[in-house]
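Okay, got some structures for you below.
Below are two complexes that have chain A in common, paired first with chain B and then with chain C.
What follows is the complex of A and B.
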């Protein structure tokens, strides 16, 4: 099979902001992309897979530049083209699907205008009427039921999945030979991500397009690609057909990557149920009073006529020392439920009892005392840590707020907490920007543990992290739970995360709990259609 | 499936918005009037004393206390604080701003004399500074040459740090005294406008450019401009002009509103340097003379203008940003299409 793209010895470097030191992001990368198929580029963040994608379309950040190498597209070394000549390739010959659907569309232009612009910029020979017909058909093909209405809407009126499908439509609109999709699903809920991948495949097959899929999710790579390129720290460590590489990995890094993924074994993707059977969660003895008890809780936002019922008659209990997982997509009400538990929202009806206290009835001071015993770890470790503080400042902040201990005692506690989350004590003077995503999330966990809480609310604690890092953070959480006798209230959109950490699961949709039970029951014998759909991913 | 998902009808919502804004405007003007009224009373001295000379004059010369009282009651200053205030407010409601305590001319006449000058100066300088500000900002982010970009982004910050009076004097020295091209002072004729307009429009342009440069840089860094548009084949200028300029102009609108206020109320310095008749100068003179009614009149005009500008800026936001016109689709609709 002839390759469409042939990259040899590609070296890309980023210049640092303050000094003129250059960091090499890609080190003589060589690979070829077979025509008409899907090639997945996998690796953790920092492996250079995104840099590779941007180097091929020559859209590196301003401080990045290609130092040497060849990128051949259909036999032509495109690096010899000047910027202006290269621009003629973009859109027409190379399409690009960016990672973040929220920031990737202009918020003040209609979807229709942004779709049509792809044609005018590519100097499409089609007549305006033909352009409209083509857009209409393309939108139908990626699963929009009513393209005409979509065209007049603005991006903020669309869901993340809809925006991403619009971006897929744009990328394929000029029938390019190559489409590069840079983590097209990592910012989306699992079911929505699946729809986007389906849309990409539909377009790819119809127009015989070669696709390069950048992803950190091995299950996504295995399901969607024929070829795989494994990258580690700017170097390609292994390439080959997906089945072969996943079944018989040769490089130690590939093996480690595969071992860390609960979803891929012997070269194939396991269903969530299969993965669950392999790593069954440890049961806990459910004794004593439950830590969290919700009884027919409802919460409405807005007025009765126009508002939405975010939480609708939810009842659940979380036994001490266990992990309870609340699963649902964005907008399902799971975050509102966690805010009710934390006393950040007041329920309109029903009772919320946490650690034996009725949360809505607490006075401010009592709530403050209760908050010592329940802490939160948020989704994005990139936003939840103050970049100006050192780790010591971040971790001791709860201690400062509750005036616990002397200065020396607080310092000692910070060291203890760093040990607990398996970070070196020498890190205490570092700032969050010097850490990786996984390390930052460890810091967030250390901060949450500072006050020795009994309950941790974990709001999507790993969804912003790479698959390998996810596994390590979840492992840490499980170990901490045993060591410190913690109770976890875990919120996630991904049932796969739940399977080996939670004893109990509730699946939430549109404010209601549609399925509720032990993890094994829910995963192995799901009754609700929605749960079944989530499990089929 | 249409784009405006609100349930209240549009005209009804619009009427409610306008009513709220109007009530708000009246409240602001009234509050400004009252605050200024009581503040001026706390200040020592009054118009009568200011007219005679200094406060030191009392007692030390042969001015009898009786004369002062008579003068005070003549202009209404002898009444109680509250009755003066009520008198002023009822006048305001009738559209009557009263008469100057010093010259005894109606305040509206005084304002009518100075306002055209100030408004012309402000409007002309804005007309120049807006395009100039955009031009500078574009030059600071678009050209390939880094030297051009750095220079264009340095100019605005350098210019705003120069004191206006100093630039004014420099211009007078250079263009009137040395070169003799334009008159250095006066308020008559177009030629007298050239120098003050230049000074003010450069300052405005520099202020506008400063905010625009930073917001343009932010916009150019977001994915839609840094990746999506170029990936369609857009060049730098297309991306800037067709995508970023509009989104970058939201902070500009806010600064524009502030600038209009500055030009009306804060033109004192430039009016002094170029010896022009204007609102700022009238205000300074009236404050010095403790001419209550004139100061209050100016305050009312300024407050009204500020309110009007704020409304215009709000309308500008709504016109520029569809997110303020149309609220996100409801969850049910999203699901229906997803």
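What follows is the complex of A and C.
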């Protein structure tokens, strides 16, 4: 089979902001992309997979440049083209689906205008009427029922999935030979992401396009690609047909990557139920009083007429010493529910009892006392740690705030906490920017544990992390739970995470709990249609 | 053939990247800050760089600029160079006073109203700042001067009060924005009280825009104080304040241009210096 894209010895470097040092992002990368098929480029953050995509479409950030190598598209070395000449190629022969559908459409122009712009930028020879007909047909193909109505709308009126499908339409509009999709689904909910991938496949098959799919999700790669390129720190470590690489990985990094994913085994994707049976969570003794009790809790944002009911009659109990997972997509009300538990929002109706106290009735001082016993770990450790403080300052923040112990005792406690989350004590003088994502999340966990709380609210604790790091952080959380007898209230969109750590799970949709029970019951015998759809991903 | 191709790829001409431009900006910023230090030293010790007394009649009236009198002399024979250098002290330090008043007032009002946006305190302070903003700055300064008497420092305080409103708005916005940062909320759920949150997390995260706004308004304050003196409401002759010098020299513009133009240029140069620093320091954060 002839390759459409042929990359040899591609080296890309980024110049640092303050000095003349250059960081190599890609180190003599060579690979070929077979025509007419889907090639997945997988790797963790920092592996250079996005740099590769951007180098091919020549959209590197200004401090990045190609130091050496060749990129051939259909036999022509495109690096020999000047920027102007290359621009004619981009759009007409290479389509690009970006990662962030929110930032990638112009908010001041209608969808129709932006679709037409793709034709005028590529100097399409089609007549205006033919352009309109093609747009209409393309939009039908990617699953829009009423293209005419869509054309007059602005991006902000569309959901993330709809925007991404518009971007897919734009990428394929000039019938390019190659479409590069850079993490097209990672900003989307699982079910929506599935729709977008279906749209890409529909367009690809119809127009016989070669697709390069950049992703960190092995299940996505395995389901959607024929070929796979595994990258680690700027180097291609393994390439080959997907089945072969996933079934018989040769490079140790590929093996580690596959081992970290609960979903891929022996070269195929397991269903969430199968994965659950493979590594069932240990049951725990559920003793004593429940730690969290919600009863018929409702919370509305906005006015009664024009507001949204974020939480609608939710009742749940979290037994002591266990992990309770609240699962749902964005906008389902799961985060609002956790904020009600933490006392950051007040419910409009119903009762919220945490550790035996009714949260909405607490005075400010009493709430502050209760917060000693419940702490939070936020989704993104890149945002939840003050970049200006050292780890010591961050971890001892709760100790300082409650004036616990002397300076020396607090310092000793910081060391103890660093041990607890398996970080070297010498890290205490570092700043968060010097740490990796997984290390930062460990710091956030250490801070949450500083006051020896009984309840931890984990708000998507691993979804901002790489797969191999996710597994390690979840492991740490499980160990800590056993050691310190903690109760976890876990908020997540990812049923795979749930099946790893939670004993009980509730599935939330549009503010309501549609299904709840023990993790095994919900995952193995789901009753609700929505739960079944989530599990089928 | 292949040789030339690879060479073309291997050795691309170093492009004038934003990184390079940024480095240039940092260097320029350092040079300008060094100039500010020089200005401050000169303002504190004007005797270091002058050899005539600013108030003595050392030369003939209207001597054109020459070696002994670099900027010439004024209508009664005083050394203009020495007067400009000595005047710097008044101009610079009254501008410092104005900005300190503006920053302190603005910080207190801005932080207090930004803590609970839409709260009672925020609304009350909002009405207050808008009321002050509705009065033109010069009018406000004139009112204060009429009440407390003339002088550069009274004028500076008056201008500072007027400018405090802008600082208050900026700081309020920054504080509200910082309040939505996850790490600020995280601190709150850690049990940190409002004061702790403000001083440990919010204030450090907003100092960049505030500093650059301060630099800009420093220059503007100098200009405003000069204007007031020019109008006769700030310093009085024989003070060497720049506004006074410009006002005194303008009558002789036709046959001794330097008496008014040199202090005018000095004032312009210092204002441009500070606004350039403001511009560069703002760019540098991105």
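By definition in this document, the second predicted complex is superposed on the first by the 537 of 537 C-alpha atoms of A that agree within 3 Å, B and C clash if a C-alpha of one lies under 4 Å from a C-alpha of the other, contacts with A are read in each partner's own complex, and residues count from 1 in each chain.
Here is the rule we go by: a residue touches a chain if its C-beta (ideal position, glycine included) is under 8 Å from a C-beta of that chain, and two chains touch if they have at least 3 such contacts.
The model shown is predicted, which means the values in this text are computed figures rather than measured ones.
Chemist: Clash or fit: what happens to chain B and chain C when chain A is overlaid?
Modeler: They clash: once the shared chain is superposed, the two partners overlap in space.
Chemist: Could you say whether A:195 touches chain B, chain C, both of them, or neither, answering first, second, both or neither?
Modeler: In the superposition, A:195 contacts chain B only.
Chemist: See if chain A has more residues touched by chain B or by chain C, and give me that chain.
Modeler: Result: the larger residue contact count on chain A belongs to B.
Chemist: Return first, second, both or neither, reflecting whether A:170 touches chain B, chain C, both chains, or no partner chain.
Modeler: After superposing on A, A:170 lies in contact with chain B but is clear of chain C.
Chemist: May I ask you to decide whether A:380 touches chain B, chain C, both, or neither, giving the answer as first, second, both or neither?
Modeler: After superposing on A, A:380 lies in contact with chain C but is clear of chain B.
Chemist: Applying the document's definition of touch, where does A:371 land relative to chain B and chain C: first, second, both, or neither?
Modeler: A:371 sits against chain C, while chain B stays out of touch.
Chemist: In the superposed arrangement, which partner chain does A:331 touch: chain B (first), chain C (second), both, or neither?
Modeler: After superposing on A, A:331 lies in contact with chain B but is clear of chain C.
Chemist: Using the superposition on chain A described above, determine whether A:524 touches chain B (first), chain C (second), both, or neither.
Modeler: neither
Chemist: With both complexes superposed on chain A, which partner does A:109 reach: first (chain B), second (chain C), both or neither?
Modeler: first
Chemist: Kindly classify A:92 by the partners it touches after superposition: chain B alone (first), chain C alone (second), both, or neither?
Modeler: So A:92 only meets chain B here.
Chemist: Could you say whether A:349 touches chain B, chain C, both of them, or neither, answering first, second, both or neither?
Modeler: Neither chain B nor chain C is touched by A:349.
Chemist: What residues on chain B touch chain A, complex-wise?
Modeler: 1-3, 7, 222-235, 238, 242-243, 246-247, 320-323, 326, 328-331, 334, 336-338
Chemist: Hey, which residues of chain C end up touching chain A in the complex?
Modeler: Its residues touching chain A are 5-6, 8-10, 12, 15, 17-19, 22-23, 181-183, 185-187, 189-193, 196, 200-201, 204-205.
Chemist: Which positions of chain A touch chain C when the two form their complex?
Modeler: So the residues of chain A in touch with chain C come to 15-18, 62-63, 65-70, 77, 79-80, 342, 344, 368, 371-372, 375-376, 378, 380, 383-386, 388-389, 397-398, 400-402, 444, 447, 450-451.
Chemist: Applying the document's contact rule, which stretches of chain A touch chain B when the two form their complex?
Modeler: Residue positions touching the partner: 54, 57, 59, 61, 84, 87-88, 90-92, 94-96, 98-100, 103-110, 114, 117-118, 121-122, 144-146, 149-150, 152-154, 156-159, 161-162, 167, 170-171, 192, 195, 305-306, 308, 331, 510.
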